Structures are given as C-alpha cells and as structure tokens.
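Worksheet for the structure shown next.
Chain IDs A, B, C and D follow the sequence of writing; residue 1 opens each chain.
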C-alpha cells in the first residue's frame, strides 16, 4: 500500500497488476462484497451483471421493484413469459421460494428499509454520499426517475457501480454533485473500474485499486482520499 | 359487478377531462384492449396515470398520438421507444408530472384507502420535492405527497370470478391491485372468468368490491 | 299520514297497528332497506341480527373488519373454526366468493369509501348526522373505540339501529350529541323501535312509524321532525 | 431467517423498555406461545401494541399481570373479560393509548413501509384527535397520525417455508402481515414449516424478507 503522509493507512489493496476493470470484472467485485443472505436489488443496466457472479449458495435473494422477491436469471427460449420481467422489462425467471406482490407493497418494502443492498449506476457520487443518477440537468431533458429515488432513500446499503471518469474525462466521484440529486447521503460504497471507495461520515476511503496507485488516484481526483 | 361483452362497453361513459389510471409495467399487466377501447371512445382532455408514457405507436402511445391526453402523471416517461410522448411533450401538447415510482404507487394506494396525504422520505431534498411541504420526522426529512384517485381504472388481471374477485400472474400484478381500489369505475380485462367459488378465498388479490366491469380478452398464444 | 301544519307531507307511513318493534323486527326493517348488491358491514351487537333477514338472492356481501368479505352465518357445531370469526369474535362461516385480507387492507377498504352500508348501534344521533356510540363520557370509563370511527367515517351510508329512548326515558335522537362523538355528520338513516328517520342537510324526516303517530313522536322528541 | 427450537429462543434478546407488536384479534392469530415466552423472559417496561388489552388471565393478560408492561397501544381495551387490564389501568400501573382500529393498522403499516405519518379522516373532530394536528384536504377534515414501529413483532401464521415466506388461515391473518413488516425482529409461530418451493409464489402473504425467526407450535386438536 501507499502512504501519502504520516497517517497509518493499513489495508488498502493496490492491484497494480490488473485494471482498469471491465464491467464484468466490476460486477464480480460487487458480487464478492455483497454479504451472504442479503436481500438485494440490482438496478437496471450494468448492475444487472452482478447477478451472474453471485454464488448460488450465498443465500442472496434478488428483489425486483416491479413486484417480486426470488428473481432468477434472465429467461431464455421457452422460459420467456411476458408476465415475468425485471425492472428493466426484460423477461426473467423465478427461483424456489419466490413471492409476488403489487407495486405499493414492493415499494413499501424498499422505503421501509428492508432491503440490505442495492446496486445502482451513477452520474456522480459526492463525498457526503449524495447520489446523482437520474437527470443530467440539461434544460430540455425529459425527467424520468422511475424507482431510483426509492432505492437510494430506502435501501440500507446503496452501492454504486460506475466508471470513475466520464467519457469527457471528468471524475464522477466529486466534492459536491452538480447534477440533480437522486438521494442525499445514501451511498456507502462505490465500485469503479479504477478503485473501490467506502463512504462514511463525509469521508472517502479507498479500499482497493485496480491498475492504479492510491497516490495517482489522488492526483486525478479533487476529492480527498483516505487509504486504510 | 358486470361481465361485459367487449372492451368498448367496459370503458363506456368516461367523460372528457377524466382521470384514468392505467395499469401495467412495460407489457406485463398492460390492459391493451381497454386502452384501445378508450381511444375509440373519442374521449378527450384525459389525465392519465401510468408508470410510463407509452411505447412505440400502440396502446398508451396511440392514445396520446390521437390527442386524447392532456396530462400524464408517471415515474418514467423517457424510454428508447417513447418518441410519441417525447414529441408531444417537447411541443407543449402534453403536460407531465414526474413522481418517484414508489410515491406514485403509494399515492394511488392512498387514493383507494381514504388517506388524504402522507409524509414520505423518497425525493426529499431533490428537485422533485421543490414546492412541496417537507417535515423532519424522527430526524429524517420527509415530503408531503397527496392521494391520487381516478374516475376510471383500466387493469389487466389473469382471472376473475363472477363477483369480480381477481388474481394476477407473476409480475403482471404490478399496479393493478392498487389502481383497482382508487377509481370510481374499475374496468378489468382478464384471460378468463370463472364461477363464484372457483377462486380460493385465501389467494384473492383484488376483492370484487373494487371491480365494476370485467371483460374477457384472450391473450394470444 | 298525519299533517301537523300547512306543509304537504306525503309519504310518511304510520303503522299505528304495530309497534314498538322488537330488535328482530327492527333488524328485518333494516335488512329491507339495504339495496340489493350492497357491500355491508354489520356492527357488533344488535346489528348482527340484520344478517338473519337478508334475502340470500339480494347479492348483499357482508364485510367483517377483521379481514373478510363474503362472511356467512354464525358457525354451529362442526363448522366452528377459531381462525374464522367476525368482528365480535364469534365464529362465523365463509360463503362462496369470499376473500381474506389483512387489517390494513380491510380498513383501507372501509376508509376509502368502498363499503355501501354499515349498520351501527348508537348512544345518540344528532340532527346533523353526528354519531355518538363509543364512549359514555363518564370520567372513569375505559375508552374503547375499535373500528367504530373507521366505519362511521368511511362507509358511504351509515345506518343506525337503536331504541329511540334510553332506559331512563331520554331520547337518543337529539339536537346535539352530548356524548363524545364517533363521527361527524355521517348518519343517513336511523332505525328505531318507534320510527325510521332519514337524516339529510341537517334535517330529520320521519319515513315510517311503528305504533305511534308522527304527531306523538314530535311531542316526545326535542328534534324538529319533517314528515314526507 | 432461522427456524428456532422453541418459543423462548424466538423472543431471545428483547430488551427492557422495548416496543412489542403482538398480532391477533381475539383468539384468531394470537401468538400465545410467543407471548408466554416473552413473559418467561422476565423483560420489563414493555410498550405493547395489540388490538385489545388481554382476555382472562392468559396470554397478554398474564404478561400484564406479571408487571412486564408499562404501556399499551390498542383500539379496544374494554372487554367482558379484560379485568386484568382494567385493574392495572384504574390503579395507574399501566398507560393506555387508544387508537381507532384502522388508524392503528395503518400506523403499523406506515412503520413497515417507511411512511413517517399520514392524514386520515378517521377520528377527525372527535376526542381521539385532541392535541393532534389536523388539516382539511379536498374539503374533508383529516388528522395527522404517525408511524408505529416495534423492536419485536410476535405473529402467528399458518405455514412458513424455510425462507420465512408465510401464509395465514382465514381471519387469523388480521394484524400479522402488517406487524411482520414493522419490527426490527419478527418472530413467528406457525403450525408447520415446509420446504422452500412448497408455497406457491402467487399466494405468499408475508415474504420471507420480513421474518427473522420461526418456531413450530402445533395447534392443539
């Protein structure tokens, strides 16, 4: 590990030999960090890849906000049933022990803090845990929020999975979100292609890097980074 | 509760300016035959409550394209194929109220449950709470959201008995059970109608008290 | 019919040959006035007698607030199942087309205005439709409201079934309730041993009398009575 | 979710001063074995949320008689055989909060659903609204009621699978499904536990996510 100052920073793992991660590798890292037995919601888009990397014996149960616990893998061939889809409207399957419920009950489950973990994409995450992932803020954009605010607000641990830098090179881990917020102070962990960040008490700790050192990360981000 | 002959009869009597709750989340639970009948009725100036704002050129998109809708309340209007809505919205021909999905479901539930309004943490501190009353309860910021009720609800269920008791299939259940409770008239399209007593009372999801009209529309395939 | 003044009061039926009614006769009159096809809640106590007089072909469906639609008659012998009771905790039966639901859903059904009629007992009913039926107002009484306020507030037509006079002879149809209220302006119809009263717009109309004339009723009640 | 060996293990860890939600409406759905275990645990200063305030000298009445309860939130404490409560209440040994039954159920639902509070018409203008915030919404008076959550919920269900999914029997369902959602720890007594996959996903009433501990207590007879 790298130390930038006098503080003892034991425990940050720098994988200088691999990285940046592709989205499948990121999904694997996210899956690894989800505690066994958790009830988990995977946001639409990249986060759905996480399900491919969950250990079937981990007892993780997937929730889909359109009204189901115990969601199985994406349906293929004969399995496809248009009455059984995930939040991305993609046909999925049902695992033993599943249950169905209506939308108000499903969002009550989310809002009430019963889900352990959700994994969401993001435009920006701030050091205070603020999340921006629903609106680019451009004046002519059509606002569309779906269940993003419900997940950000209701789920106990909000994980974000995103590239660390936008296509134009700007960092998505920021001091303060400039895009419209989805939820305030909600994000606890950020999985990126370059590093995994833990957010707590307004501070960001790097727990793991991929193909980059903590020192170099510090040089590329405006956000103060602790190592551990 | 009446079992009616066709979807047109199921939506008969809806007035211009009505608020219509339309179930479905993507294709699952979308009452396509009832939406088409609503369009054929020629009604105008509708406020539509749905999770989305139409896809392609059928169903809700066709209803909007036909000029029947003046306002939509939904959580997620922007989709890859929501171009009908996109055009109408950008031209100012249709108003939009965006509501977080869970607040939308809860507002409809409140409408059916006689709850005037509720404090929800979802959306607090975001631009979707702008102009809304907020309150800190137990140290947490909440937004006051009001109930939504409809003049008409269009719901798709799997099976009804002749008292209007309904069961649904898998995630097609979605908004149906709450929307059925929140409208003056609830019209339901089902795959089949069974005799009274054929549904186990333990598994009824929507009791017949909430259902006014049922029409059988066989799902292709 | 009796006319007490210049106003035309067509339609009030005076049954001078029968009455006052006993509780079974009252229950029969209540049952007669419940529209076919109604969803109905019968309060605990005397109102449960109404079910004995409902025509099975009327399509009336009984609701019990502990979580059921399609309640059948009281259970006897082998039918008794302690998991199937009415709001008075008496074992009942299930009719074809019944459904079960939890308490929050059951009271949502009531509060949301989905029940057509409820029949409640009362201590007092006022000319403005105010109902007092849950608390005698004595300082040492233990307050116990149950579902009374939910029924009074939520059900579209609140019928009251009571004796017109208390045991001490005071009238229970009053200008203004002196007992603590259950619901405000909610009662639309009052069935008593002496008469049936319709309440609307702050006025009481006698629709039917039993063993007493409208004229005599007027002399015994402080409430202005219209005939029709 | 754990299937535990006995009711004592199901209630283990409850702290003095805890709020305990106890299901049941009369005998139907009353988790007698769990209530008895709670009493045996010796815990004190409990706030109990139940529809009633005990009958005879068993179950909740015994819990109160044993001095474990300092406060009860219920809708209907006064019954023909509620003499244990009556005596404790009149002597000032127990506090009482009376809530209209539907507001009670809705407050518990709100606790489970993350709703901070809601405006309900029930009770408006009555002495049960005294001191509470009121508001006119759509021309109707409403009272603001706040959510109720518990540290522990004691629920009786009919059958559980090994993931904690529950089904109930008839009107014994009553408060169980909402109380299960509203407590930090939900303990459930069931007639039997079945394997995962043995319950139809369409008919699960309480999903296993709400259930922490299950114990089999065979109903006599």
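Criterion: a contact is a pair of C-beta atoms (placed from the backbone, for glycine too) under 8 Å apart; a residue touches a chain by one contact, two chains touch by 3 or more.
Just so we're clear, the structure is a prediction, and the values are computed from it rather than from any experiment.
Touch-path distance (fewest steps) from chain B to chain D is 1. Chain geometry summary: the mean Cα position of chain B and that of chain C are 35 Å apart. Chain A and chain B have Cα centroids lying 30 Å from one another. In chain B, the residues that touch at least two other chains are 106, 109, 113-115, 120-122, 168-170, 201-202.
Each of residues 68, 94, 100-101, 107-108, 110-111, 153-154 in chain A touches at least two other chains.
Two chains count as a pair here when they touch; such pairs are A-B, A-D, B-C, B-D, C-D. The touching residues of chain B, counted against chain C in their complex, run 109, 111-115, 161-163, 165, 181-182, 196-197, 199, 201-202, 204, 207-210. In the complex of the two chains, the chain A residues touching chain D come out as 39, 61, 63, 68-70, 94, 96-101, 107-115, 153-154. Within the complex formed with chain C, the residues of chain D that make contact are 25-29, 51, 75-79, 86, 89-90, 96, 98-103, 105-106, 108-109, 120-128, 141, 168-178, 205. Within the complex, the chain D residues that touch chain B are 106, 110, 113-122, 135, 137-138, 140, 142, 146, 167-170, 200-203. Residues 64-68, 81-85, 89, 94, 100-104, 106-108, 110-111, 135, 140-150, 153-154, 180-184 of chain A are the ones that touch chain B when the two sit in their complex.
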